[in-house]
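Okay, structure first, notes after.
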Amino acid sequence: MMNPAMLLLVAAFAAPLVVSLLGAIRHSWVPRGAILMTGLAFAAAVWTCIQDDASVNVPWAPTWSMNFSLTLDGLAKMYALLATGIGFFVVLYASKYLALHLHHDHRLLEEQTRFFGFLLLFMASMVGLVMAQDLILIFVFWDLTAIASYFLIGFDRAEEESRSSAQMALLVTGITAIFVLLGALALFQIYGTFALPEIIIASNGGRNTGIAVGLIVLGALAKSAQVPMHFWLPRAMAAPTPVSAYLHSAAMVAAGVFLIGRVYPLVAQYDWMLDALLVIGFASMAVGGIIALTRRVLKQILAYSTISQYGYVVAMFGLGGEKGVAGATFYVLAHALVKSALFMTAGAVTEATGKKNLPDVGGLMRRMPLLAAGSGMAAAGLIALPLTIGFFKDELFFAAAYERGMTLAVMSVVGASLTLAYILRFWRQTFMGVLRTEPEPISGYLVWPVVVLGIASVVGGLWTVPAIWIVDRAASVSADAPIHLHIAYHLDARHENVMAIATWVAGLLIYLTRRIWWPAALGVAHLGSYFGPARLYYAGMRGLNQLSDSVHRIEVRDLRSRVATILMPAGLLVGLAVIVTPNSTSSFAVGALGRDDIPLITMLVASVVSAFVVIVVRDHFRLAISLSSVGFSLAGVYAFMGAPDVTLVALVVETVLSMFMIGMLVLMPRPILRFETEVRAERRYLRRDAIVAVVAAGMAFFVAWGALSRPSPSTEVIDSQTVLTAAVHGKDIVTVILADFRGFDTLGEVTVIALTLLGVISLLRTGRLR
Amino acid sequence: MILATSLAIAAMFAAGAYLMLKRDLIRLIAGMILIGNAANLFIMASGLRRGAAPILPLDEPTADPLVQAMVLTAIVISFATAALALALVYRVYISHYSVDLSRLSAAEEQQAERDEPMTEDLRESVRDDTDGEASPDGRHAREAAIR
Amino acid sequence: MIAVPIAVLWFGGFVLAVLDGTRKPAAWLSVAVLTSAILSTMALGITVYQDGPMSLAVGGWSLGVGITLRVDMLSIVFALLSQGVLLAALIYEVVNGVGARIYPAVVLFMGLGLTGLVFTGDAFNFYVFFEISMISAYVLVSYGESPRQFRAAFVFITVNLLGSVFFLIGISAIYHTTGFLDMYRIRDQMPLVQENPAILSATIIFVAFSIKLGLFPFHFWLPAVYTGTRPSVAAILSGALANIGTYGLIRFGADIFPRELRQAAPVLIALGTASIIYGAIQALSRHATNEVLAYSAIGQVGYILIALGIGGPAGYAAAVLYTVLNSTNKALLFLSGSLRGWLAGAAFAIGAFSVAGVPPASGFLGKMALFQVGIAEDRPMLVALIFLGGALSFVYMFQLYRRRTAEIEAHGSSPWGAQVVVVMLALVILGIGVWPDPLLNLVERAALSLPEAQVP
Amino acid sequence: MPALNPQKHAGMLQSGARIILLPSWVIAIAIMLKGYADVGDGFSAGVIAALGVLLQGLAFGTDELEQITLSRIAPILSFVGLGLALLTAFVPILFGENLFTHWPGINEHAVHFGVLEFITPVVFDIGVFLIVYGFCVGGLHAIAREEVRQVRLRDRGRYLRSTTRGGSLADESGEVRL
C-alpha cells in the first residue's frame, strides 16, 4: 500500500493534470472530469484521515539541505479535508456556474479548462502546503497557491478591474511571501535545518528565532487578509464566485491561519508575538465587521466578513492556551463550511436575478426556498445560533477571551454582534421582504452544494463527535501537546452562554437601529478608503510609476552621451583606484631617456601630432588621409621598437583600411557628409567633449604609466620561446609565435576576419559570397 | 621613456575619445581607430624588454617577441572591427539618409515615443473600492442600502 | 577531449558560412552542430566532474610558451549555459524561418567564442575568443535590417569596442607586470606585484566587463540595443553574451585578482546596489516588453555583483547560480515576449514568475542563495536591499504582464513551432525549480573550482 | 595590354597598376613560403597580394576588377583558407596528436627543397593568406559593386526612393532582397 501522505498528494496533483489533459482532448469533458477528480481527492482525504499519521521524507536538494518531507498529521488532515471537501462542492457548483458565466461574457467554453485547471491546482497546492514539513517546501506550495489564485482572480482577463485585482492580490501575498522565505532562511541559519519539527524541538526562544518566526507570521497574516494587509481581499471579489467561495473558506486565506497553526509552537514562545496577534485579530474583527455593515455588493459583504472572521482566528491564536488554540482550529473548520455556502448563495442569487447588489434583491424566499433554507442554515452557523456548528466556535472564543479578563470579553461580544448584524442584513434582505427582481430558474448544481453545506453545519452542531475528533488532532499539532476539546450544550448561566445571549441581543439591536449608526459606519469605511492601506498601495504604485517616468526622462538616449557616460565613470573609477592605493615614489617612474630613443620619440610625436590633425580637419577625405598617417607614423614607432613584422602589417593594414574608408566615403553623397553648416550648434558641446576626453586620457595615462613603471619581471616565457624557435626550424621568433606557439590565437584572429567578411558582405551584398 | 610613451598613449587616447563624442559617424569611427591605435601602442610598450628585431641568430638583446605577436593580433582585430563599423555606417546612411548622430537620436526618440503609448491605464486601477458608494446617484443608493 | 566542442563549433561555423542559412536543411544542420557541441561539452563536463579540472597544452608547448586550455566546472557551467541559450534562440529562429543567410553561421561562431573563452587558460587567448563572440554579436545585432536594428548595432559596436579596448589594455598591463599570459602563472605572480599597477589593471578589466554586463553606470547602451534588436538576438545578447561579463568578473576577479576583489568589495556592492535600484525603477513604468526586460537585465546583474562583492564560496556560488537563472529567464522572456498565443503566454508567465522569484519557477533559487549569503554574513542592509529589489521586480514584471494579457488577447496566434520552443525553455526553468539539486550541485562545484573558494 | 581608357591621365596609373600586379604577387608568395625564416607571414602576404589586385580595380574600374577571377570569388577563397587553417589546427587530433601540433615536431628533420622547408605551418600560413586576401578584395569589391549599383539606380531615378524608404537594399529589378 502506498504511503497515505504520498497517496493524498498524488491524488490532489493528479486532478489538475488530468483536467488539463482532458481539456486538450475535449473541453466539454472538463467539468465532469473535474468533479470526478476532486471527488477522488476528497475520498483520498477521507480515507487517509482515518489512517495513522504518515510521513514521506526524501532528499530533494541535499546540496542545500532541502528535503521533500510531508507529514500527514492531524493539522494536515483537517485542512486537507477542508481543501478537498469544500473543493468538491465548489467544483460541483462551478461545473454549471462557469458555463453560465462564460456565456454571459460571450466567451468561449474552452476557457473552462483554464479555470478548472487552476482551481484544482489551487486545491492541490493547498493539500501539499498542509502536509509540507520542510520550510522551503512550505514556501514553494505557499507561492503555488498565490500563482493559482492570481490566475483565478484574473480569470476575466478582458476586464481591467479583474486584472488589476489579480495583480494586487499577487503583489500583496507574493511580496509578503518573501518574508516567509526570509524567516525560513533565518531559521536555517540558526538551526542548520529546514525541517520544521526539528526546529520546534531545538528552538531556544532566542531573539533571532523570534524575528524569523515573526517574519513567517507576517507573511501568514497578509495571506489571511488581516489588517493592515486586508485590502486585497475585497478586490479579489473580481474573481468568479466559485473562486471566491473557495479562496475565502478553504484555500488562500485559510492557508494564512494554517501557517500560523503550523509554526504555533514557535510563536507561543514569544509573548510579544501573541499580543501582536491579539491586537491584529481584534483590529481585523472591528474593521471587517464595520465595513461589512456598509457594503452593498453581496460578495463584498461576505469578503469583509471573512476579514473579520479570520480576525477571530488570529485573535484566538493570540489568546493562546489550550482554549485559544483549540478554538482557533475549530473556528477555521466551522467557518469554512458556512462561508463557502454563503458565497455560493450570493453567486446563485446573482445568476438567478442578474443583480449583484443587496438593495436590488429581496423576497427570494418564496421563489427559491431551497436556497433560502440552505443559506439560512449556513448563516445561522456563522452567527453562532445553537444547534449549528457555529455555536461552538463562538463559545470557544468567548471562553478563551473571558479567561483573559473583562475587556477582552466585552470586545469579543461586540465583535460577534457585528457579525450577527451584517449576516442578518445579508440574509434577511436577500430572502425576506418585497420581491425586487424576479429570479430565473437556475440549475440545481447552484443550489444543492449550498444546501448540503448548510445541512453539514447543522449536523455538525448536533453530532459533534467528528468535528471534535478532527479538531483534537489538529489542535494538538499546533499546541504541540495533546488537546481534548469538550463541547456540549449547557443550559445554565455559565459566562459563555451569557456572552452568547448578549451577542444576539446586541447584534439584533445593531441591526434594528441601523439607520442611526449608518452614517458613522459609512464614515469609518470612507475614512478607511481615504487613509487606509489600500490608499497607500495605490499611492505607492502611482508614486513608483511617476518616479520611474521621471527617471526615464533623464535617461541618456544619445550615443555621444552614452560614450561619455562610459568614459567618465571609467575614468573616475581608475582615479579612485589611484587614490586609494598607496603611492610610493616607485609606483610611477619617469624612465631613462637615452640618445637611442630620439628616433622613437620623433615618431611618437609625429603620430600624436597626426592624431590631433585628425581632430581638426573638416573634410572627410582629409580625415581619412590624416588617420592613415597616424597609422603610418605608428608603424614607424614599431620599426624603432625592433618590430619589423608589426611594422609591415601596420603599413599594409593602414593602406587597406584607408581604401575601405575612402571607398565608403565615395559611396555617400557630399551633402550627407557636410556638417560645417551646423558647427555653431556643436560649439556648446565642445567643453563637455574636451572634459570627457581629458578624463579618458587621464585614465589611459595612469593605467599605462602605472603598469609600465613596474620593472619588468622574469622574461622566462620569451626566453624559452627564443630557445624553442630554432628547434622548430624558425628564425623569426614573432612569426613562429604566430604560427606555432600561439597559433591558436592566430586561428582565432583569422576567424575574426572571416566573420567580419561575413558581416560586411551581409551588410553590403546581403550575405552572398559570390 | 616610460613617461613619454605613457603620454603618447594618453594623447592618442584623448584624440580618439574626443572624436568619439562627435556627431559625425565617420569621425566616431576615426575615434575608434585612434583608440585602438592607442591600445596597440600600449601593448607594444608593455614589452618586457627592448632591443633589436627578434630574428635568429641573436647578436644583441632583442625586443620582446611575444608582445609583437600580441600586437599583430590586436591590429588585425581592430582593423576588422573598423571595417565592419564602416560597412555599418553605410547601412545606417542607406536607412536614415544621414550619418548624423543627432538625426539618429531623433529617430530613436520617435521610436521610444511610439513604444510608450501615453495610455494612462494606471488610473483605472487606481479607482477606490468604495463599491458604488461614491456613485452619481449617491443619496438614492445610500438610502437603498440602509434599507 | 577538451578540443572537441571547440572543433565542432569551429568546423560547423565554417561549413555554415559557406552554405545558405535561409534554407531549411542548412538551418537544421546548424542546430545539429550546436546540439552536438552541447553533447560533447556535457561529456567533457562529466569527466571534469568526476576527475577534476583538465588541461590541454595546445601544440604540446610547455606552460607559458604556448596556450593552455583549461576546463574546470566553472567553465563547463558557463559553456553549457551559453550554448543552451544559443540553441534555444537558434531553434526559435530556424522554426520561424531564418531571415539572413549568415545567421546560423554567426550564431555558431558566437558559440565558438563563448565556449573558447571559458575553456582557455590564457589571458590573451581569452581576448581573442572574446573578440570572436563580440564580432558575431556586432553582426547579429543588425540582423533584421530595419533602421532600428542598424541604430542599435551602431550603438552596440561603439560602446563595446571601448570595452574591448579597455580589456586589451588590462591584459597587456597584466603581462607587463607579471611576465605571463597564462592565467595560472599570472595568479602565482600577482601577489608579488605592487598594489598600484595591480589595482589599476584590475579596475580597467572590471570596467571592461561591466560594460559587457551593462552594469550601472555603464549601462546606457543596453536598453537601446535590447529593444532595437530582434527577439532572438536580444535573447542571445542577454542570455549568452552577457555571460562573458559575469564569467570574466569571476575568473579574473576571484582567480587572478582576489586581493583587489576584496579591496573593491565596497565599490562592487555600491555599484550592484545602484544597478538593482536603478534598473528596477526604470523598468517599472516602461511599456514595451523588451524595454522592461532590458532594464530588468540591468537590475539583475546588480545581484550578481553583490554576490561577488560578498565573495567566499557561498558568494561565488550565488553569483554563478544567479547568472544561470538570470540568463535562462531573460532568454525565455525575450523569446516569448514577442509571441502571441496561449502557449507563449504561459511561457512568458513562467518567466515572469521566475524573475519575481516565485517558485516553482527557478528564479527563487537565486534570491534564496543571495538571502542566504546575506544572512550568513549578517548583513541586514543587504538582505533588505535584495528584498526591495525582489519586491520591485514583482511590481514591474506583473504590471508588464497585466498589460500584455490584453495585448495577447487582441492579436492572433504566433506559429506553433516558435511557441513550442519557448514552452520547452519554460519547462527547463520549471524543471530546475522543481528539482534544483543537479544545478545547485554543479554550481557549488563550479564555485569550488576557484582557488580562493577552497581556502577554508 | 587592355584598351586604354579615354582619360589620358589615367594611363600612367593603369600601366603602373598592371606592372605592379605581378611583383606584388611574387612578393606575397615569397613572404608566405619563406615560412619561419624572416619577417612577414601569411597575413601581410595576403594584404600585399590584395593590394596588387585592388590597384587594378582603382585603375580600370569595377568591371575590370570583375574580370580577375580571383577577385570575384574572393569571399569563397577566404573560406577555403579558413578551412585550410582549421584543418592544420584540428587534423592532428585525428592522429592522436595534440591540438595544433605541427609537423615536423621539435628538432625533427624537415624535408628541404632548396631554401624551402616543407612544414605544416606553411599550410597554415597559406590558409591565413587566403582569408586575408579574400577579406580585403571581397570587402572592397563589395563596396565597388555597391557604387555601381548606386549609379545605375540613380540613373533610373529610383535611388532616392530605395534609400529613403530605408531598410533593405532593393535590387536593380526593384525586388527587395532578403
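Quick notes on this one:
Letters A, B, C and D mark the chains in the order given here, with residues in each chain numbered from 1 onward.
Simple rule for what comes next: contacts are C-beta pairs under 8 Å (C-beta built on N, C-alpha and C of every residue); 3 or more make two chains touch, one makes a residue touch a chain.
Just so we're clear, the structure is a prediction, and the values are computed from it rather than from any experiment.
Compared on C-beta pairs in contact, B-C and A-D come out with A-D as the pair having more.
Closest chain to the protein centre (all Cα atoms averaged), using per-chain Cα means: C. Spacing of subunit B relative to subunit C, judged by their CA centroids, is 19 angstrom. Between subunit A and subunit D the centroid-to-centroid distance comes to 59 Å (mean Cα coordinates, whole Å).
With centres defined as mean CA coordinates, subunit D is found 31 Å away from subunit B. Centroids of subunit A and subunit C (each the mean of its C-alpha atoms) stand 25 Å apart. Under the contact definition stated at the top, the residues of subunit A that touch 2 or more other chains are 160, 164, 167, 541, 545, 557, 559, 563, 567, 644-645, 649, 653, 656, 660, 664, 667, 699-700, 704, 707-709, 712-713, 715, 717, 721, 724-725, 730-732, 734, 738, 740, 742-746, 748-749, 751-756, 759-760, 763-764, 766, 769.
In subunit C, the residues that reach two or more other chains under the touch definition are 10, 14, 17-18, 58-59, 100, 124, 128, 131, 135, 138-139, 142, 145-147, 154, 158, 162, 169, 172-173, 176, 179, 181, 224, 286.
Residue positions 38-39, 43, 76, 79, 82, 86, 99-100, 102, 135, 139, 142, 146, 166-169, 178 of subunit D are each in touch with at least two other chains. Here subunit B touches subunit A in the complex through residues 1-24, 26-30, 33-34, 37-38, 40-42, 44-58, 62-66, 68-69, 71-73, 75-77, 79-84, 86-91, 93, 97-102, 104-105, 108-109, 112, 121-122, 124-126, 128-133, 141-142, 144-147, going by the rule given at the top.
For subunit B in complex with subunit C, the touching residues are 20, 25, 28, 32, 35-36, 38-39, 42-43, 46-48, 66-67, 70, 73-74, 77, 80-81, 84-85, 88-89, 91-92, 95-96, 104, 107-108, 111, 115-117, 121.
Those residues of subunit B whose C-beta lies close enough to touch subunit D in the complex are 53, 55, 72, 76, 80, 83, 87, 90, 94-97.
Taken together, the subunit C residues at the contact with subunit A in this complex read 10, 13-14, 17-18, 58-59, 61-62, 64-67, 100-102, 105-106, 109, 112, 116, 124-125, 128-129, 131-132, 135-136, 138-139, 142, 154-155, 158-159, 162, 166, 169-170, 172-173, 176-181, 189, 192-197, 199-204, 206-207, 211, 217-218, 220-221, 223-224, 263, 267, 278, 281-286, 353, 356-360, 364, 367-368, 371-372, 375-376, 383, 387, 390-392, 394-395, 398-399, 402, 405-406, 409, 435-437, 440-441, 444. Subunit D meets subunit A in the complex at residues 35-44, 47-48, 50-51, 54, 72-73, 75-76, 78-79, 81-82, 85-86, 89, 99-100, 102, 104, 106-107, 110, 117, 119, 121, 124-125, 127-128, 131-132, 134-136, 138-140, 142-147, 150, 168-169, 177-178.
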